[in-house]
Amino acid sequence: MQRIINNCDEVVEDMLKGFERCHHDLIRVDENNPRVVISKEATKKRKVGIVTGGGSGHKPAFIGYCGKNMVDAVAVGEIFSSPTAKSFYDAFCAVDQGMGVACLYGNYAGDNMNVKMAMELAEDDDIVVKTVVANDDVASADKADRTKRRGVAGEIFMWKVGGAKAAMGASLDEVIAAAQKAIDHTRSVGVGLSPCTIPANGKPNFTIEEGTMEFGIGHHGEPGIKVEKLGTAKEMAKEMTRLVIEDKPFKAGSEVAVLVSGLGATPVMEQYIFFEEVAKLLEEQGICIYKSYVGNYFTSLEMNGVTLTIMELDEELKECVDMEVETMGMTQLARR
Amino acid sequence: METLRNQGNAGIVLQVIDAIHEQASYLSEIDGATGDGDHGINMNKGFMMAKERIEPSDSFAEALKILGRTLVMDIGGSMGPIYGTMFSKLSRVLKKAEPITKEAFLEALENAVQGLMDLAGAKVGDKTLVDTIYPACQAYQAAMKQDAEFSQCLREMAKGAEAGKESTKDLVAKIGRAARLGERSRGHLDAGATSCWIILTTMANAMLAQLQSRE
Amino acid sequence: MQRIINNCDEVVEDMLKGFERCHHDLIRVDENNPRVVISKEATKKRKVGIVTGGGSGHKPAFIGYCGKNMVDAVAVGEIFSSPTAKSFYDAFCAVDQGMGVACLYGNYAGDNMNVKMAMELAEDDDIVVKTVVANDDVASADKADRTKRRGVAGEIFMWKVGGAKAAMGASLDEVIAAAQKAIDHTRSVGVGLSPCTIPANGKPNFTIEEGTMEFGIGHHGEPGIKVEKLGTAKEMAKEMTRLVIEDKPFKAGSEVAVLVSGLGATPVMEQYIFFEEVAKLLEEQGICIYKSYVGNYFTSLEMNGVTLTIMELDEELKECVDMEVETMGMTQLARR
Amino acid sequence: METLRNQGNAGIVLQVIDAIHEQASYLSEIDGATGDGDHGINMNKGFMMAKERIEPSDSFAEALKILGRTLVMDIGGSMGPIYGTMFSKLSRVLKKAEPITKEAFLEALENAVQGLMDLAGAKVGDKTLVDTIYPACQAYQAAMKQDAEFSQCLREMAKGAEAGKESTKDLVAKIGRAARLGERSRGHLDAGATSCWIILTTMANAMLAQLQSRE
């Protein structure tokens, strides 16, 4: 295991120290809970608080989206493991200013449970918390079972929209409605080309044979829909784009935001090659790309692979997507 | 009638904690076959953290509450809230019972199983700890229906847990990391089912040793 | 070779198409030379043009630093191979507005030659081109032979400073002086944990054995100073920081900018762990971190490893570092 | 006195191009042993691009100029400017010569070697194409000093190129990708030295066939 770490059981602690030191202008770590990262903008003006959380190893997700006009506080878990209920609860407390908290997170058993318990704690304190649970990964369950689908890179759009809405001064219900709309309008799928290794384990939990790829793989190596011969970027894009388009369905004439993310070890060059193929297919279908993101936006340690996320836009979502944002994972000047 | 003193019986919970601590590497080994090999580490971390917070003079219910709360608040993952809920629910029913009767313990157990299943969303047959605790609870219930003594109910519960744990060997995982393996998960015990069996049998034995008979 | 590409001989072309499509608000590709990327801001106001160029496979470098207040045009080469003289020349032509062009590039044989030939062509057109050649990699030659050292991630600081200076309206000589100061104040070193594969070759050109690391490796796999047992992040940081500090030397009381970059396949988590160790060492030495960057800023395809770059700051450099910038690889709001 | 017609002798350059084209995979194979295995591909790309731009009716100097310019402008890497400079320098001296004398060719050759070495910064012994062209030029010079005929000078040049190329086998690479291997680069030919030998021998042979004798 070729790794730049000190102690495989303390990678999250060690990483958080470096993260706080590097981004002290954007965020701080909660004084009483080292597993909660709080935006320095969180309470600069009175607004709905935006909270998320999840396991570590997906950088920039989740802490990398904490900052101006996006997420206000993040509960940080172990590698690929949900944060504690207390961390979610402390995150709620840190950002509640009486307007309530929108907890925007991904659909994983552990996160669902820990958020649920944290909400019970918050209720005792009269903090109003409402949730949106991202379920954009079309490969993780049939459309009929949409509520079982897990959340993947589409969460970034959910945070961007929810964060922007809150920054605009919207009420909790408005923020929740916008974030829910964002994720309802979003579909994702991923492909894995090689596995990754949780430092404390020392070896990969699964393998992907050379020359094959796992179509529909999850962010923690959850099984995909099928293992196939590794094709060209064009072939990969075709199958992934088709799955995503048909599921929603995205229709000719609609405007979309596209996000292509590498899973960690995929050269960014390849991500642009893949994106180009996706964009050509969308163009053919009459779907218009309003804005696109390509890069390592939501990773799985050093997994090799790529994810595709598409969100259908309306005027409200466009305004949110375009808003200025400043986080480690995404910084955007106000659209000219 | 056999009953259990609530007061001063934190030792039962401490024995459960010690059992998990002793079996930690065995649990990780099992998890290694189908998961990521850290179940023992995860469990041990939370249980040992609770150990420091429990006083031997605490009541059984109080100790269960501390363990449950520690797991829920400080462990995270899936195991934190699942086992945390289980112990918290046990505690909530038992806290007013003194002494604890077999009826009170059944209510507590049913509450724990229900709370845990509601939270986890796992069903019998998914190859999780539910496959241990659900049949364990059923075995206890069945013994109660036949008017068995508290001690007999606890023995049946332990047997049910053991059978349930063993049943996971032939199951295909539908939930958690082991689901990754599909058919290949068959033939291996489930780690959570095994830790749950250790918890329930240790608890049953520790309770048996403390049962008091009175007319 | 697990890759998301169409044709291993056309990865650069294919990537550029996706890059242009994704970032059409920031850059365009030269109509007459598909190997020249031009910032849309390049000629919005009259200023010195900033040009760079180099082989591909280092994304975000080089094209990822093309945009507002940084690089105006980039000559794009094949994977790990210098761009043509014509591409450098076309880049000069695209951004010259009569105030001259600052060509800020890295010290590699091919780039030196192609820039030199391009400058001869530009001379015929009366375009004044001056150069700064980055040589921040302390591992690539002894200090006595500083001019032989290659340029690595320190180039980013050189572009940031040169680009900011030009945006402020400075003359060519002022821009060159500032960029030269930036690189003279900068030192870097890299460590490799695993090699990478040029797509057209299909297999790595070199190997790094499991459990070892190559100290001082170059961005194209150039040999390092030594191969050592892979240590902890702390040990790695110690040796790298020492080398860099002593070479300059950076002294107690000085303010610095720090840039830690992954080489491609290194999880960002590990980069923060490494950064924290570096920062602690700098603190111990009384060197004060003014600003830090951690991420995949200058990569080598899917190489595993990390580079450390430190630049000593004065007021002029701070002002340049703090300036608002908008590129694919680095976007910063104006410092509050 | 032997001389070479400049007019209409683009064929010499075309033969050089064809030789590189034919030996492309051999060159890549050599590069594969110590470098990244693409030298033949790189060379072939540039040379074939030039071929399309050269008219058979062009002069020798004109064809050299087109080849040189194509390499410089359109190939990039190190080979583009290095070989580009070599051919451009040859052309620049030869363009006013009609016919081309052995003296003119020496001047052209010296210019090419000097220009190339100035640009590349490589010295004899670094295990590059300099190890071919430098001794080739010296051999030509030596023959001239002994009043040899043009044809003899060219033959000596080819011999010098061959010996130089072979000398790279025992050298340790100091420049380029092969430097990565250090001592392990010893025992292998250098790819650039080999392509340079192909160029110089093919050119010598093609020139020999076109030499004209007159008093």
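First chain written, first letter: the chains are A, B, C and D, and each begins at residue 1.
What we mean here is this: a contact is a pair of C-beta atoms (placed from the backbone, for glycine too) under 8 Å apart; a residue touches a chain by one contact, two chains touch by 3 or more.
The model shown is predicted, which means the values in this text are computed figures rather than measured ones.
*Asks:* Touching chain C and chain D alike: which chains?
*Replies:* Common contact partners of chain C and chain D, which must touch each of the two, are absent.
*Asks:* Mind checking the centre-to-centre distance between chain A and chain B? Centres are C-alpha means, answer in whole Å.
*Replies:* 34
*Asks:* So what's the Cα centroid distance for chain B and chain D, whole Å?
*Replies:* 81
*Asks:* Return the distance between the CA-based centres of chain A and chain C, expressed in whole Å.
*Replies:* Inter-chain centre distance comes to 29 Å.
*Asks:* State, to the nearest whole Å, the distance from the C-alpha centre of chain B to the C-alpha centre of chain C.
*Replies:* About 57 Å, centre to centre.
*Asks:* List, in ascending order, every residue of chain A touching at least 2 other chains.
*Replies:* In chain A, nothing touches at least two other chains.
*Asks:* Think of each chain as a node with edges to the chains it touches; is that a line, ring, star, complete or other?
*Replies:* Shape = line; chains linked end to end, path left open.
*Asks:* How do the chains pair up in terms of touching? List each pair.
*Replies:* Result for touching pairs of chains: A-B, A-C, C-D.
*Asks:* Within the complex, which stretch of chain C touches chain D?
*Replies:* Interface residues on the chain C side: 77-78, 80-87, 109-110, 112-114, 116-117, 198, 200-201, 205-206, 220-223.
*Asks:* Where on chain D is chain C touching in the complex?
*Replies:* It is residues 35-38, 41, 72-78, 80-82, 84-85, 119-121, 175-177, 179-180, 182 of chain D that touch chain C.
*Asks:* State the interface residues of chain C toward chain A in the complex, per the touch definition above.
*Replies:* Touching chain A from chain C are residues 1-7, 11-12, 14-19, 21-22, 56-57, 59-60, 64, 193-194, 208, 210, 213, 230, 232-234, 236, 264-277, 279, 289, 292-296, 299, 301-302, 304, 306, 324, 326, 328, 331-333.
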